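Letters A, B, C and D mark the chains as written, and numbering starts fresh at 1 in each.
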């Protein structure tokens, strides 16, 4: 079954490979009447883009989003919206020499086990480049969010919660990489969004985050710390129509309460490093992956993740907002 | 849109309320030829059941699973399998007096905002009782897992990693509750299971876990700790056909590698406690929820979670195993 | 993949066998606030029920619909609504002797090829009894239709468009059966319902009709006759804000125009007859199916079809009405 | 909810407008290992293409299919396959003058009611041009069909079953159009394909056909004629391991029997004609649509339909073949 669609009502189907002709997505289920122009995507794409900071990979991609369908006179028509990002800086030749090497931490091994074939050029479909389409789709999703504000930021790089620059410079000098943690805050969320049981807000956000390359964990509100808390502390008491605290992180029983939503996502260190690693050839023979001075990589993938985290959260809430129109008979008949 | 179905190929649709006639689920997409009888469910149900240990709530439910459809002469026929658990110990009267009270940490508030109506009897659909149907469905799912072994256990209660008994006795004495952490290990997983991009193994397991009441976070492999690690340490090198370490936790690029899968899920403290809490009436007026000596509750919901965590993981893998039959043309044509 | 769910937003999952404990369905996605009580189902169920007219099979089933979940104080809560119909008149013994016979026109052959197992008791899951759950679900769906009126009637029995009684008496005397044609008219349909491309109104109604046992064809508006028409005649001209004709049958480009919708569905003759037929045993050996005087069967399945046709049409429109809330941004934000 | 996806396991999502940059589709769920090259599409596209016969519209589109993703070294990788057809002969200017006219038989009216906006350039998303993506997707689907052969042909044009040329020449001279009927035969279908209840083979083929522009009806096997038949004639008796007749048209209880499948689809006359028609302006005022000598149109849309009918049938069977791998436990575990 296809695994490249995200969302139920606001449905994004993405496609494309790192070193193919380009990448893109089709958004099916976006209401008619949404204002869209190609310039809207530039700033969001720039935040995610490699080569944006001294600490991210040097691949030079303009990442210009082209609208191929679904928009007429700058307005969505209800038809599927197709966003296309051409690949302009792929250098397939530079991957020829590693085509038979299983790259540690990468998709080669598991994809070959599953499909029996792997597009090794820059990781093909498994490349982090795929996340560019998520950011593009998120720009459209944000048009449906009304007053909701989603903000994600890096709160930890390696073991450190501050002075990231120093950590990163050292890691680059070592030819190594580090992980990081992103925190995301969502404000002005109306109460009553999300669905019970299997489609809880946390469940959907968790799937959204863990679907991002290199994400290894997610927690909501007090998260893992809540395990050590007592109910008398964790329960949010109410008075004069308001919650007195927000340990529940804006979600009760999987549905929003109107309080601020907070979650954190952990990202592992970049798999591509410049240190020699033992690995196998696809034929099974032992080998070592020699450091490649010119290989593209980020010292810390988390640096580019905030734009992706925000985009995925926007997709989740665009979906919940649309679906909420069917919650009550009184709504559906108006 | 319905939010009560889980799974793509092996699809479970659950239904029922805490104090209605009963709860159950329909499993659609189970292959024909699976052996099933009603006795198979007893031990799994017992692990999750309230009143099972001195530290869980006193509700006395036999939780006997009845097969209503889909099985002929103890064999699945390919027709939808319906599992039904009758409610036998519901005492609605005991909820009349709190019907207008918004119970802190519970679904009343958010459900009323969403639906404008709430079945307050024991939490109705939002009750943890719903998880009994997950455990029952998991018993069927496990029949599809072949050699895969899924084991979950409590590794932390409150702030403590050992001597849980002492912590729990103290909490009960205080009329309070604590959270906990569950670890789940999955062995003998064939490589190549799971799907790329939005349907990664972690993404599906994360959604499965965060869909469980009271779950506040999940992490895979080294999880949040991986954020502090360097790539040279986190990357799993290979030699002589084997991984030398398993920091990746059995999953690369969202697809299984054949190594053991490990994840942890955090659960918040039980919301129902015997301490007085400030809250509101549904009309908006201030009130306090007086401690109820006879109210059913667990001091630590995590104690009953292992059976649920295993069941949800089984649903995820039953799905992936069935879907894996469509990975390669050579498979689909045989 | 499961094949027992119908609908996208208003989703019905049915289950149960002809001679099992009963049959039922789960409706997931029904808005909260819909009035429901068990008495509402009686008249609709009666129309479909066997033994209702002298011309339908003698099986005596009360077909009482019990609500197992999703309704609190006669109002839907947004939780899945489960409808259950107990089997009370199953006589499995009467099927023992035909258990190894492939019944012409029935499911035995194809189900055995697909699943390798077949619940032969009254056709098991393939029995027309399954349609009772469609009628029950349709009763709930009709609560969402507002002013829309759906009416289906038999317009042809065998080759005859009138005096059905005479045709049926003759067929019964012969121990034979005949087919029939149902016409369905849908009035007061708001314009703008339905979706383009793959989810056109006709496409969904056609799937709904052809999913009913014994249905062999469906046509909309002028249907097959339109093939012989010229565009200048078939095109519906407009004047003074109105369509001057309705050859398009209330649907243009898959979306409703507000004009009356008309379609016809053809049903083959009942497969169960009292005449001797050549067939095979499941082992492959030749045999003949001897006429069984006491076997339950209808001389014309089409006679019971109107209630089913209306129910399926109601499911289709309940879905479209709910989904239409997401057509325009201006709607979704209110 | 999106309405531009077709299929469950082999899922096609199409996009694009008649006079936008182009049209295309994403195929998600195609197994890895399928041979594909861009030349494979040419002949199928040519059959559907306008301007192909003297009797079809003069729009000159090369309809060259470009593969944008999912294929590496001429082999599918399991990643989504994107097919793209650039629009090269769109002349938007020629539509400016009818932008405010509701074209009889076309989508303007119903789309405006639904979405409040309509891309009037050549019908935008509602154009028959969209069917080109179905034909392209069908070429990929056919790679999964093994020995199955799908053949559709025109069996009736207007009221005539032969000498179509004469009918068409006369209609063109009149500036009018006619409908037609397509018959499709599917050979070498393995028994056991398709699913029970709501996903019957007929149900899926019917939805597939009625989703094609201008299709007004579909019938299987003896179709509408079966309504006039008696069971003793319609039932297919068996002897020596074989069916003696094939009134059931290769499908029993929604599942294939291995016999040849036959169905017919009726298409209404082309809506675009050169005769004056009364209609409305979008503002509601009366107007007439003056004959346009240079407007593109086909005298009979059915002439181009066989390629589309075959493609949609191929999508249905590719899906059933993939899904059939999950029918039995013995299959899924191998």
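In this text, a residue touches a chain if its C-beta (ideal position, glycine included) is under 8 Å from a C-beta of that chain, and two chains touch if they have at least 3 such contacts.
Every value quoted in this text rests on a predicted model; they were computed, and no experiment measured them.
> Shared touching chains for subunit B and subunit D?
The common neighbours are A, C.
> Is the C-beta contact count larger for B-C or for A-C?
B-C is joined by more C-beta pairs in contact.
> Rounded to the nearest whole Å, what is the centre-to-centre distance of subunit B and subunit C, using the mean of the C-alpha atoms as each centre?
That pair's centroid distance is 37 Å.
> Provide the C-alpha centroid distance between subunit C and subunit D, rounded to the nearest whole angstrom.
Chain centroid spacing, subunit C to subunit D, equals 25 Å.
> In whole angstrom, what separates the CA-based centres of subunit A and subunit C?
Measuring from centre to centre gives 44 Å for this pair.
> If a residue has to touch 2 or more other chains to count, which residues of subunit D qualify?
Subunit D, residues with two or more chain partners: 1, 3-5, 8-9, 14, 29, 32-33, 78-79, 111, 114-116, 125, 196, 326-328, 330.
> Residues of subunit A touching subunit B in their complex?
1, 3-6, 8-9, 14, 102, 104-107, 109-111, 113-116, 125-126, 130, 156, 158-159, 171, 174, 176-181, 191-200, 202-211, 213, 215-224, 226-241, 244, 247-249, 251-258, 266-273, 275, 277-280, 284, 286, 302, 323-324, 326-328, 330
> Inside the complex, what are the residues of subunit B that reach subunit C?
Where subunit B meets subunit C, its residues are 1-5, 8-9, 11, 13-17, 20-24, 26, 28-29, 32-33, 68-70, 72, 75, 77-82, 111, 114-119, 124-125.
> Of all residues in subunit C, which touch subunit A in the complex?
1, 9, 29, 31-34, 76, 78-79, 143-144, 146, 196, 321-322, 325-334
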